[in-house]
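What follows is subunit A paired twice: with subunit B in the first complex and subunit C in the second.
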Partner chain A sequence: MAELIRLENIRKSYGENEVLKNITISIQEKEFVTLLGPSGCGKTTTLRILGGFENPDSGRILFDGKDITNVPSNRRNLNTVFQNYALFPHMTVGDNVAFGLRVKGMNESDVKEKVHYGLKLVNLEGYENRKISQMSGGQQQRVAMARAIVNEPKVLLLDEPLGALDLKLRQEMQYELVRLKHELGITFIYVTHDQEEALTMSDKVIVMNSGRIQQEGTPEEIYNEPENAFVADFIGDSNILSGKMVRNHLVRINGVDFPCIDGSENGFAPGLDVDVLIRPEDLEIHPAGKGILDAKITSKLFIGMHYEMLAQADTEGDFEWLLQNYDSYEVGSMVGLYVRPENIQIMHKPKTQEEEAIEIDI
Partner chain B sequence: MKKFFGNLYIVIIMLFLYLPILTLIVLSFNEAKSMSVFTRFSLKWYGEMFHSKLILGALVNTFSIALLAALIATIIGTMAVIGIDGMKQSTQMVLMGCNNIPMLNADIVTGIALMLSFLMFGISLGYCTILFSHITFCIPYVILSVRPRMNKATDTLFEAALDLGASRGYAFRKVVLPELLPGIASGFLLSFTMSIDDFIITHFTRGAGINTISTLIYSEVKIGIRPSLYALSTVIFLIALVVLLVVNWNNIKNERTAA
Partner chain C sequence: MTFSKKWSAPFIVFVIAGTVIPILSIAYYGFTARGGGITLDNITAMFSANHMQALGLSLLLALVSTLVCLIVAFPMAIVLRDSKFGKQGFTIFVLILPMWMNFLLRTMAWQVLLERAGVINGILQALGLPRQEMMNTPGAVVLGMVYDFLPFMILPIYNAVMKIDSHLIEAAYDLGAGKAYMYRKVILPLCVPGIVSGITMVFIPALTTFVISNMLGGGKVNLIGNIIEQEFTVNSNWYLGSGLSLVMMVFIIISMVLLEKFDKTGEGTFI
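For the complex of A and B:
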């Protein structure tokens, strides 16, 4: 796959507030890339810079190898699906979808055909003459998609397009988006704060916080091998603890030694202070005394597919472990907790504030 | 019983509101010049009205000034709103504050101030000075009615149009202007009625020999008001009534089709 878009050393400030602190992103052709982060992390600003609605203070944007930093938005070969759809309220659905085509001066019979094709693609056949106000939120979302894709852009920018929909519809649209992406064969750049959306749809996830890229990789890499506490905490449920490398392949957490698979060969030398991530579903529950440490179940919630439990271990430090298990264990009972070495993710301590977890759960 | 008093209350309110106008209409058909005795039905004052150069001149002045002032104020005001929208938040606050002051200011102060400025710059008072003054006091009302339509959603629509390849001018005409239109229309109508209504500012900024309806009636009061002015007032009231009915009827019709 060839590189289609490259953002190089982009910086952007609003007054005192530095929103983007030297961002470099490379996007391949036909990739589904998600910019993921909490609000205010700079993901929307990045998208707006790509769309041409904001100018970066420094850095440049390459599109197909050409510098488009100073090209205005109406001459960039990309289209945006806006957060609140930004449909033109005084026009019909058909006129909305036709807008970009008419701007290009396409003749009316071709426009009609294209609009029909666009609406069919988003399952809104025959809605041409409806008013925007007569469409539901989900339908408006689809109209916005159709309006963007009939222009056959090389890249589609999507700014939290599912944010205003209810859960069921949101899940449905996730499948729709992936289908559309495959059908159209174009590049999608997707902005969201919803980690589930990011994991389900993307080829590549770029996690951002405070104007910096924290990690980029496939959804699996981001989930299984987060590089710092922020990424670990932002994506999925997690137990994040402070630890110290005892020797290669052994980490001490709260006075208890856990075998792991990291060591000095990948930058975690003995004696190093580290952060340790253990996903709640990776904590196996054994009879008391049969695990690495014993803990007492302090609370239990039925979540639907599994039980979510908290367990207090009788070790140094006061840490409550978050467990997810298909079996239910009574509150007050003692259990043994065990983690496979490959399920322990060792991370470097945060060097800057934005690499820290935003809040440690529980 | 309760219903009876309720209805009575409404009738009393209606009488207070419309009895004076009704009196005026009745007197406009009175043959005698008297303000208190109705002698015989006649259309003579209507005839006199349409033959009086003074009255017809005042009518033309009033409506031409109102139309021009409303038109120009609407254009300037709308452009101001677009300009303000592109400014920093703090500048916007200051400008909107400045915009409110002329509306709160007493008309008589505005009137005298305008007159003094015209005289100071050696502009002789006449039709144009009235027109300038009316444009001046209408602009803030236009800004006030158009500005709420120019919000973040409108900005996004503009961006969406640019995103679809439209030039800035095309995006403005096709997307932003239709959004502003209800505000522009109400700004225009507001300016138009304010201009027709105005007496004080017109009084101070008009030159000798030029009259609008309000200043004409005022000057007639001093020499004894003629019933032809009742006729004029009746005609103006009826025109306003018809316009109001048409507008309301249209609104109702639109609501029915939308529903």
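For the complex of A and C:
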């Protein structure tokens, strides 16, 4: 795969507010890349800079090896699906989809054919003459997709396109988007604050916070090997604790030693203060005394697929462990908790505030 | 009786006293001969040579001033849209400020400016330039119309332009449109309701005005409004005045219906 887009040292401020602090991103051809982060992290600004709606204060944008930093949006070979769809209310569905084709001066019979093809791709065959106001939210979303893809862009930019849809429709559209991406064979750059969307659809996830990239990698890497507490906390449920490396492959958390697989060979020397991530589904529940530590179940919720429980351990520090298990354990019962060494993710302590875990309202 | 029905009573009285009764009495006079009896003479009188000439001139001047208002208002609304947020309100305030002054005073001010010995000629003289005869010309009447009615064009168009979602403009550029194409296909069509109501609010009062033509035309520019006014005041012929008024009313309704055809959303018109 060849590199298609490169954002190099992009900075952007609005007055005093520094939105992007030196962002460098490389995007391969035919990749599905997701920019993921809480609101205000700079993901939408990054997308708008790519689309040509904002100019970076410094840095440059390379597209297919060419510098397009100063190329206006109407001469960039990419199309955007806007968050609020931005469909032209005074035109029919067909005229909306045909807009980009007519700009190019394509003859009407070809336009008609293309519009038909575009609407068929998004399962809206025969809707050409409908008014935009007659379409539901999900249908408008599809029209916006069709309007963008009939232009055969090399890259499709999607700014939280599923944000306004209800849960069921959103899940359906996720499959639809992945299908479209495979059918069209083009690059998708997707912006969202929804970690589930990011994990299910992407080839690569770029996690952003406060205008900086926190981590980039495959969904599996982001989930299993987060590099700092922010990423660990933002993606999925987590237990994040402070720990200290006792020696290679042994970390002490709240006075209890846990075997792990990290050591000085990957930068975690004995004596180092670290953050430790243990996913709730990785905490195995054994009879009391048979695990690494004993804890008392303090609450229990039935989530559907599994039970979610909180357990208070009788150790130093006052930490409540979040557990997810298919089996139910009564509140008040004592259990033994065990974690496999490979399921303990050791992370460096945050160097800056934006690498710290935050409280997120979703 | 529901709440809204109960409180609508004063408005119904107002509509009956202010609209229905006057129109009925105009219709009565319009179809009545001076000596009594039903006649169509007052209506057909519109087609006499001097009446047609006045109507033609009225149409021409109203069209010209509507066009001038449109040419001034539309670009201005666009400029205002792009300007900084705080400035917009202030600019609009300054533009419609004259509206709060009495209409007669505003028109009289132009008399003082345009007169033979008026302010403009004074300046021209001081610069060593020849005096201009500006009063009592169709140009002076158009100037007065534009000055008096311009805010009625600006406000609806400004409202329409401000309502346009900036994402639509970005979407047009994103799809490859140049600036001219974007304006033609996105901004202009979305302004149509504003333009239509602007035209309605300028063209109709301009078509029927008699005060502006009296004050700036000095009896030399005879519009249909002046003729109707004279029938009521100078000649005390309410029958002919009412007949001509009825024809004008039909004329106005026709032009509003025609305008409505352009406004598919139905937001801008009053029919």
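The rule is short, and it goes like this: the second predicted complex is superposed on the first by the 359 of 362 C-alpha atoms of A that agree within 3 Å, B and C clash if a C-alpha of one lies under 4 Å from a C-alpha of the other, contacts with A are read in each partner's own complex, and residues count from 1 in each chain.
By our rule, contacts are C-beta pairs under 8 Å (C-beta built on N, C-alpha and C of every residue); 3 or more make two chains touch, one makes a residue touch a chain.
Note that the coordinates shown come from a computational prediction; the quantities given were computed from them, not determined experimentally.
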Given the superposition on subunit A, are subunit B and subunit C in a clash or a fit?
-> clash
First (subunit B), second (subunit C), both or neither touched by A:Ala86 | both
If you stack the two complexes on chain A, which partner ends up touching A:Asn151: first (subunit B), second (subunit C), both, or neither?
-> both
Please work out whether A:Ser73 is in contact with subunit B alone, subunit C alone, both, or neither, and reply first, second, both or neither.
-> both
Is A:Val331 touching the first partner subunit B, the second partner subunit C, both, or neither of them?
-> neither
Report, in rising order, the residues of subunit A that make contact with subunit B in one complex and with subunit C in the other.
-> 51-53, 72-75, 79-80, 82, 84, 86-90, 99-100, 103-104, 147-148, 151
Contacts from subunit A onto subunit C in the complex sit at residues 51-53, 72-75, 79-80, 82, 84, 86-90, 99-100, 103-104, 147-148, 151
Show which residues of subunit B lie in contact with subunit A when the two form their complex.
-> 153, 156-157, 159-168, 170-171, 174-175, 178-179
Would you tell me which residues of subunit A are touching subunit B in their complex?
-> 51-53, 72-75, 79-80, 82, 84, 86-90, 99-100, 103-104, 147-148, 151
Subunit C residues within the subunit A interface of the complex = 165, 167-168, 170-178, 181, 185-186, 189-190, 264-265
